[in-house]
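In the two complexes that follow, chain A is the common piece, with chain B as its partner first and chain C second.
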Partner chain A sequence: MREAPATAHGTEGKAGRLSDRLTLSTKRVLWAWLFLAVPVVFYGAIRFWPTAEAFWISFTDWNLLRPAQFVGLDNYRRLLADPLFWKVFANTFLYLILGTPVSLVLSFAIAYHLDRVRFLHGFLRALYFLPFLTTAVAMAWVWRYFFQPVPIGPINNLLASLGLPAQPFLRSTVQALPTILVPAVWAGMGFQIIIFLAGLRAIPTSYYEAARIDGLSERAILWRITLPLLKPTLVFLVVFASIGFLRIFDYVYNMNTNDPGGPLDSTKPLVIMIYQTAFKSYDIGYASAQTVVLFLILLVLSLLQLRLMRQPT
Partner chain B sequence: MATIALEKLVKRYGPTTIVQGIDLTVAEGEFVVLVGPSGCGKSTTLRMIAGLEDVSDGLIRIDGRVVNQVEPKGRNIAMVFQNYAIYPHVTVAENIGFGLYTSTLPKAEKQARIQEVARSLGLEALLDRRPAQLSGGQRQRVAIGRAMVRNPSAFLFDEPLSNLDAQLRGQMRIEIKRLHQKLGATSVFVTHDQVEAMTMADRIVVMREGRILQIGAPMELYERPIDVFTARFIGSPTMNLLPGALASRDGADGVALEDGGAFVRPPIALTGGGGGTNVLLGVRPHDLVLTGSPDAGAFTLSGTVAVVETLGTETLVHVDIGRRSVIGLAPGRAVPVPGQRVTLAADPAALHLFDAATERAFPRPLLQQP
Partner chain C sequence: MTALSKARPGQVVAWTLLFLGGVVMVTPILFMFSTSLKDSSQVFDLRLVPAEPTLDNYRTILEDGRFLRWFLNSLFIAVLATVSNVFFDGLVGYTLAKFRFPGRRLVFLAILSTLMIPTEMLVIPWYLMASRFGWLDSYWGIVFPGLMTAFGTFLMRQFFETVPDDFLEAARIDGLNEFTIWWKVAMPLVTPALSALAIFTFLGNWTAFIWPLIVSTRAEMFTLPVGLSSFSVEQSVAWEMIMTGAAIATLPTLLVFLVLQRFIVRGVMLAGLKG
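What follows is the complex of A and B.
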């Protein structure tokens, strides 16, 4: 390995040129870093540096007007004492705890059955994927219209025509959060279905045939073969969906534009609180502290994913 | 153990017919190999016996009972798949245990069965391992163990050795054969490899384009192939086929070869004269020996050596004769050189004769053993 470049260059130049003095493996490393430098610099500038900056700002009282002053952990103390933060924290986890299982169970059920459908398979798959390609704002507004009271909202109109009581949906502190989750779950399902389908397709058919010969029931095949073999797919989607629901913003904001996070903060997630603290109250230091908390939650979740993935399937 | 009978079995996929009405009876304890090129319907036939494919027409009987509409689990058969179909997320013991899924045995007895099967396959030390930690041969044994554990009435093998390397394949061939001799289980084995068919089968079923061409014991197929396809498919290297025409010379019926103009009298009753009929004269490379002084009356061919394959145990010589190339055998350790002029000779009794148009063989007497 080390001899090769010396002979290769021996004919074309004098010993002592820089490229001649480097071994082949050093040159490979240099080239690799040259190419890697592009994304590294890019990410450093637009991702890591602002992240580090946010950490720093979270220890200051910067409000855009006067210079930032170091205030230590004041922002964090204030956060822990803020009842709104705890309300928002609970809301955020409610989005996560309701949204992730519901969306995954639904999309798995659809993928599992879609996998067996031969008729119009591609068309159906495209149909399920379509919401994922559509703008969240547009969808949020359409769904918002669905959930309006009589005589505007189709859902309440339907309830009325069936003689059932109208529901307040977005106007209720209890119903608003699940109502917002409906379009959020619906929009994410297209992606999850595609990933589940890919996972299902990757399981060799002979596994199922062997199981049929051994006499396993459909249910046993699902629980003892399909689901265990889908574990990597499942872990990926759980984490992916969880991060999505923890960062929910656009559906909340657009389903209730006159009072984002309302009514009475009953649907407000962490990201809306951060947005309002930073760009409505201009309390940048405090908003940064909230960002750091969200960042830590997401970090813990991602590390958990790595742990789960490393376990043997 | 069971008998398996196929009666006019047909499999259609839409407008295409994959299996065109085959009849086959597998006797109790028999090891039958279905062999043929890919797409000949052998795997589909096996999968119909297993119950993994619906039968389009005809009957499948296992032990006399028609099983066309019986679920795979109700047929008491076991199947070994090409990719083994053992589950990566459970241990070897659990994989073997899947074979007992429907059995009502108490847990302890199931464990004892798994242990027993593992012992007979040399897997005891590996019972707690995951398939990822096993070699290809070991995985194959786990798949066989899973099939064995249930005491099925028949074993079905779907190209189980094609994912193994050549050496391991040879080993597993012997192991499966030995296992069959021990268990005496009715077995149907599908392969595209004629060596596997020859070495393992009690009877070989040669299939092509959804039909059975010939059924017979390995040596029967080797000695008396009924058509050109079987003649070329069985035996390695493939049989040499030389075009010629039936003719009469000096009052004797024989074959005039196209290349070299040689006239031979194969040991076949060429009744009816049939002068001018185009034929193919077949001679196996192992019957065509390079010689300096051919016996009187021997079938001889002369040509120049093109390529020499030294295999150690034997040396195969490719000889150009006219526009054709034939393969012969160099005796002993003699290695001819390319370009050398040589003469190949065969005992006329070893010759095969086929009708060039129908590709069917002229009936041939059994070879007399010296």
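What follows is the complex of A and C.
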């Protein structure tokens, strides 16, 4: 520390050195770019270049064995004519429009009541938060075990002991998709509840006090004060959950490893189709066109979020 | 009890329902541990507390050796990614928040725009890149896409903006160079954000599945989720073994949580609100 003043005042004396001739602000610009050098290369090579490459590959016919051949929009035409794509498209939206509202309504209801509970609050919150810290692959296998037929699966055993008929769950083309959604919703709720709790706590208590003095009922307070003030949190969670369900993969893949996306493609989302087209059939061009579609869907969603956020509450 | 007896009946009902819901939430985790402590003859006995608990499944799995390897692979990759993200996201976030220089807005917008690009779109080019440079079946191959993230960078930028410039100016007058100012003065001021970032990065890499599944083909290079998936396929109907594998994959994060609970919940709130 003793040397510090010397450096601060010593600049005039050693004016000949290059570093001293640079003005303070030029030096700071150099520091900034020094700090950014490695990250700029990283984002260029690992994010932007691959993005451009994905677009380019989507216009080619390529199976990795022979050189890629430019085919224009052929992959996109093929996609529009592919019945599997439309099936997968419908499945993906089914995950989204079932998963997002169910998980958010449950999470909000839990967070709303949890916020008012003082007795063992931390303990209750921990119970709900715990699933967030699990590994999706591990829990997919646990839930797969739960949904097995008798005599193995606990849920069918429970149904049997209640005198209810056994359900095929993962083996049924109708039931498999909602069955896979159960663990996906379960795993996401912990995070949503914590974020809702943070949002609820950020609302000043004076708003509630004023509303109570005005004689508003609890229900009116919920609809006219809590929910409108929670809009930023809601928009964030709706978009976050939607993106999660649009990209669902781990649970689908692991809950039916014999035929990921089965039975009969009834649970196949877009990302499983991309994975199989690219890394099972090595139809790289076609798979890239599918990733571009996913990108466009997510882009629309992000723009929607920006619009919603900008609107005044 | 005093808290309960003072409460209104409505609150008691709400508390009970919340408690029951919480029990339902943790049931799959409890069941996983319970089944992992049963031998194959007890699997069909669905009691939560095993009649004759045994650690035999854990012994079998650890003697097999693969799980230990996968465990260490996952640990190494998650730690490496966490260290890299704390360093680089911290550095970039700081530079964008505290420096004024030509090109700042461009860098900011460029990194921001990568948030819109889904990983699934990049896995094919990444795979081509990894195979071209011989990165398949290597630690570097698994970890390179996640060494920095836009999410972490913006989280850090938000927090660095709250650091008063006076602190940094004081350090400059003391003659510290810019790197030391960042590392020794600015970084310690944003430890809550750094720990939130570390938790998210570690969890994300520990549980990551699709990219490690694509980039690793040899069993020695599997991460825990990829190894668990292939192991479970191979075990077919030996559910007690599958549950033991699942328990091994889940245990570390749960144990860390039990120790650092308040800290982690606060970190998630911070990241969720600011990020």
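Please note the rule applied: the second predicted complex is superposed on the first by the 274 of 313 C-alpha atoms of A that agree within 3 Å, B and C clash if a C-alpha of one lies under 4 Å from a C-alpha of the other, contacts with A are read in each partner's own complex, and residues count from 1 in each chain.
Everything that follows uses one rule, which is that a contact is a pair of C-beta atoms (placed from the backbone, for glycine too) under 8 Å apart; a residue touches a chain by one contact, two chains touch by 3 or more.
Just so we're clear, the structure is a prediction, and the values are computed from it rather than from any experiment.
Superposition of the two structures on chain A leaves chain B and chain C fitting side by side, clash-free. Once the two complexes are overlaid on the shared chain, A:212 sits against chain B while remaining clear of chain C. Once the two complexes are laid over each other on the shared chain, residue contacts for A:231 go to chain B alone; chain C is not touched. In the superposed model, A:171 lies in contact with neither chain B nor chain C.
By the touch criterion stated above, A:220 is placed in contact with chain B alone, chain C being left untouched.
The partner of chain A that touches more of its residues, comparing chain B with chain C, is C. In the superposition on chain A, A:146 makes contact with chain C only, not with chain B.
Using the contact criterion defined above for the overlaid structures, shared-chain residue A:204 touches chain B, although it does not reach chain C. Once chain A of one complex is fitted onto chain A of the other, the partner contacts of A:87 are absent, as it touches neither chain B nor chain C. Closest C-alpha contact of chain B with chain C, superposed model: 10 Å.
Under the contact criterion defined above, no residue of chain A touches both chain B in one complex and chain C in the other. For chain A in complex with chain B, the touching residues are 204, 206-207, 209-216, 220, 225, 228-229, 231, 312-313.
Chain contact summary for the complex, chain A toward chain C: residues 1, 3-8, 28-29, 31-33, 35-36, 38-40, 42-43, 46-51, 53-54, 57, 110, 113-114, 116-119, 122, 124-139, 141-143, 145-146, 148, 151-152, 154, 157, 183, 186, 189-191, 194-195, 197-199, 202, 236, 247, 249-250, 253-254, 257, 271, 274-275, 278-279, 284, 287-288, 291-292, 294-295, 298-299, 302. Against chain A, in their complex, chain C makes its touches with residues 3-4, 7, 11, 14-15, 17-19, 21-23, 25-26, 28-29, 31-32, 35, 43-44, 46, 88, 91-92, 94-95, 99-104, 107, 110-111, 114-129, 144-145, 147-148, 173-175, 178-179, 182, 203, 206-207, 209-210, 214, 224-226, 228-229, 232-233, 237, 239, 242-243, 245-247, 249-250, 253-254, 257, 261-262, 265, 268-269, 272-273.
In the complex of the two chains, the chain B residues touching chain A come out as 50-52, 71-73, 77-79, 81-83, 85, 87-90, 98-99, 101-102, 130, 146, 150.
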